[in-house]
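These notes open a run of structures that come right after.
Presented sequentially are two complexes of chain A, the first with chain B as partner and the second with chain C.
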Partner chain A sequence: MRILVVGGCTGGTIVANNLARRLSAEIRARKVRITMLSASDKHMYQPGLLYVAFGQMTPDALYRDQASLLEESINFHVDPAATFDLDNKRVTTQSGKVHEYDILVMATGSRIVPETIPGLAEGAESFYTEAGAVKLFKKLREIQEGTVAVVVGVPHKCPIAPVEFIFGLHDYFKARGIRDKIKIKYHYPIGRIHTIKEVAIWAKHEFDRMGIEYETLFNVGEVDVENQVVKSEEGTETKYDLLVAIPPHRGMEVIEQNSLGEGGWIPTDRFKLTMTGHDDVYVLGDTTNLPVSKTGSAAHFEAEVVAENIASIIKIGVPVREYDGKVYCFIETGHDSATYAMFNYQNPPDLKSPSKPMHWFKMAYNQMYWTSVRGLL
Partner chain B sequence: MSDSKIVDARDTFCPGPLMELITHMKQCSVGDTLELLSTDEGSGADVPEWVNKVGHEILSNEKIDGVWHIKIRKAK
Partner chain C sequence: MTTQTQIPLDAMSTEDLQRLVEVAQLVTAARDAMSDEIVTRMAGAMSEGITLLDRLTRNEGLMHLLKVLDRQETQNLLIAVSDAVHSASQEISAAPPAIGGLGCMMRVVRDPGVLEGIRLMSIIGKHMSHSLREQHSRGG
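The block that comes next holds the complex of A and B.
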């Protein structure tokens, strides 16, 4: 049985390690072989970019060698997939090597595409890449007064990031003693300030308390870089001194190039996590087209279901679990407090009051993540 | 409208039905129609509010067996 995992970020790493443990006897007996293809020999803890943007972490703290995170029995190749032949169960890599499989796991993730909105790449800062987060921190250090506008592209990874960034901004400028000289204006695509109703109700109260302005039903249409104006598809505009964007995302180019899914998102069964029409192809994390948060947390819970089902299919011939839509998101509510949102397909989040211990837990999790992706937590 | 693309956003709290709709609207072409399925009680009002403000067109909006079926044509 040949299991091929395409993608070496959160979802791919957890599923591969989980499988390697569950199937250790079969691997030793040479009945099962697990192979991972990744675009990089490094693994980034992506949520850490938010801290880099505020000077609370440096980029080097976000990385580990991917090979060091994987069980030794996993055959790891830094050689990303280039073409998929699902009918013949073959994947060809960029180097030209062909990998045949019996079970394929797609965990290719997503990418930012600020260039799809005129002026956004040139006019807005972002913390969704290492270089972007460092540049943004330098901009935040320089600004002394004016309007910092935050806009949100659709779809985007980590739906809680926009409000976390606002709380971080408030605390950052407060700590610098210039909060009264900085106007923070938040813009959000739908008719409330966060897509989760419970978060929106709570955050609105916090925004009002902190003096943060907000505009809803604001989808970024274009950025007039020269005049420093961001315009919405809905016909409104905001003048800014510093523009920060949660950039719009798409699935990876290789998914679109192989016609596996519109927008780079692969059509996926929301319970089985198999690709529509292909029961031997599992999809998880950002790669799916599911109406589930594009977060490491979702990828983590999905990876556990996928690994358990693949292992049980190999051992007893049938899967044993369905994905229930579970997501758990920490919400940093400033530099020293946090809360969380946990929900699934059937149960909405029951938001708790922010607390310092939850922030400390998040700080601890930033390190525990490395245990998590090894499949130990 | 049988050729409408279905956006199944039932039983989702995040990113939620309207955010799902906006994602799919960005992926389709002017003149295309989408049918949003949502179990969010607010969708019957929230979705038309955005569609009308941005300038697309609501073709129909009805609740059947607890599910909102909202058909939209991309106009711009």
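The block that comes next holds the complex of A and C.
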């Protein structure tokens, strides 16, 4: 049985390690072979970029060698997939190597596409890349007064990130003693301040308490870089001194190029996590078109289901579990408090009051992540 | 259905309340003493510790070694090795530097203790070769 995992970020790494553990006897007996294809030999802890943007972490703390996170029995290649021939169960890599498979796991992730909005790439800062997060921190250090505008593109990874960033901004400027000289204005594309109703109700109260201005139904249409104005598709505009964007995302180009899913998102069965029409292809993490958050947490819970089902198919011939849509998101509510949102397909989140121990739990998780991707937590 | 047991405040003695206050003070003190850096360092160490423990417990060779070490005769051997290392370190520090040559070598090999040591090493070598051959034949 040849299992091919395409993608070496959170979902791909957890699924590969989990499978290597569950199928260790079969791998030793050479009945199972696990191969991983990745675009990089490094693994980045992406949620850490938010801390880099506020100077709470340095970029080097976000990386580990991918090979060091994988079980010895996994055949790891830094050679990203280029073409998919699902009918003949073959994947060709950028180097031209052909990998045949019996089971394919797609965990290719997503990418930011600020260039799809005129002026956004040139006029707005963002913390979704290492360089962007460092540049944003330097800009935040420089600003002494004026308006910091935050705009949100759709769809985007980590739905909690916009409100977390706002809470972080408030605390950052307060700590510098210039909060009264900085106007923070938040813009959100739908009719409330967050896509999750419960988060919207809770965050609105917090924003009011912190003196954060907000404008809903603001879909970013264009950024006039020269005049420092961000304009919405709805016809409103905000003048800014510093513009920070949660950029819109798309699935990876290779998915679109191979016509596997519109926008780079692969049509996926919400319970089985298989690609529509292909029971031998599993999809997880940002790559799916599921109505759940595009977060490492969703990828983690999906990876556990996928690994358990692949292992049980190999051992007893049938899958044993279904994904219930579980997502668990930490929400940093400033520099020293946090809460969390846990929800699934059936149950909306029930937010608890922010606390310092929850913030420490998040800080601890930032370290425990490496244990988590190794398949231990 | 659950039932809740409530202890009325007046049923608690002053000592009980004092103890509760002390526990609360302890928790508050620990909370105040903590910082993000402490939590990060502790979690980092725990993360690496769990990974190391996982590696050790899933290492077949190490687990086999631990099983062998549990046997009394292996422990006797370990005690003998540690005693030998200790005695050798004392003896070597007091002995004059070796002058080399055939005569010196002859004196060493005439020593019954040295011959015993060589015999032990050759027996270990014999069994090790046997075990390695067996593992290879099983495809290990």
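Keep in mind that, in the parts below, the second predicted complex is superposed on the first by the 377 of 377 C-alpha atoms of A that agree within 3 Å, B and C clash if a C-alpha of one lies under 4 Å from a C-alpha of the other, contacts with A are read in each partner's own complex, and residues count from 1 in each chain.
Basically, contacts are C-beta pairs under 8 Å (C-beta built on N, C-alpha and C of every residue); 3 or more make two chains touch, one makes a residue touch a chain.
None of the values given here were measured: they were computed from a predicted structure.
Novice: Given the superposition on chain A, are chain B and chain C in a clash or a fit?
Specialist: fit
Novice: In degrees, to the nearest 10, note the angle that opens at the C-alpha centre of chain A toward the centres of chain B and chain C.
Specialist: 150
Novice: With both complexes superposed on chain A, which partner does A:Thr371 reach: first (chain B), second (chain C), both or neither?
Specialist: Touch status of A:Thr371: second partner only.
Novice: Which partner does A:Met363 contact after superposing on A: first (chain B), second (chain C), both, neither?
Specialist: second
Novice: In the three-chain superposition, say which chain, chain B or chain C, touches more residues of chain A.
Specialist: B
Novice: If you stack the two complexes on chain A, which partner ends up touching A:Ile14: first (chain B), second (chain C), both, or neither?
Specialist: Touch partners of A:Ile14: none, neither chain B nor chain C.
Novice: In the superposed arrangement, does A:Val254 touch chain B (first), chain C (second), both or neither?
Specialist: Once the two structures are laid over each other on A, A:Val254 reaches no partner at all.
Novice: Taking the superposition on A as described, I'd like to know which of chain B and chain C A:Phe343 touches: first, second, both or neither.
Specialist: A:Phe343 contacts chain B only, not chain C.
Novice: Who does A:Glu234 touch here: chain B (first), chain C (second), both, or neither?
Specialist: A:Glu234 contacts chain B only, not chain C.
Novice: Between chain B (first) and chain C (second), which, if any, makes contact with A:Val150: first, second, both or neither?
Specialist: neither
Novice: Looking at the superposed set of three chains, what is the minimum CA distance between chain B and chain C in Å?
Specialist: Superposed on chain A, the two chains' closest C-alpha atoms are separated by 29 Å.
Novice: Can you check the complex and tell me which residues of chain B touch chain A?
Specialist: Touching chain A: residues 8-9, 11-20, 22-23, 26-27, 42, 46, 49-50, 53-54 of chain B.
Novice: Name, in rising order, each residue of chain C that touches chain A in their complex.
Specialist: Counting only chain C, the residues touching chain A are 31, 34, 36, 39-40, 42-44, 46-47, 50-51, 54, 139.
Novice: What residues of chain A sit close enough to touch chain B in their complex?
Specialist: Residue positions touching the partner: 154-155, 159, 189-191, 195-197, 217, 219, 233-235, 248, 262-263, 291-294, 325, 327, 329, 341, 343, 345-346, 348-349.
Novice: Can you name the residues of chain A that touch chain C in the complex?
Specialist: Going through chain A, the ones touching chain C are 30, 56, 336, 356-357, 359-360, 363-371, 374, 376-377.
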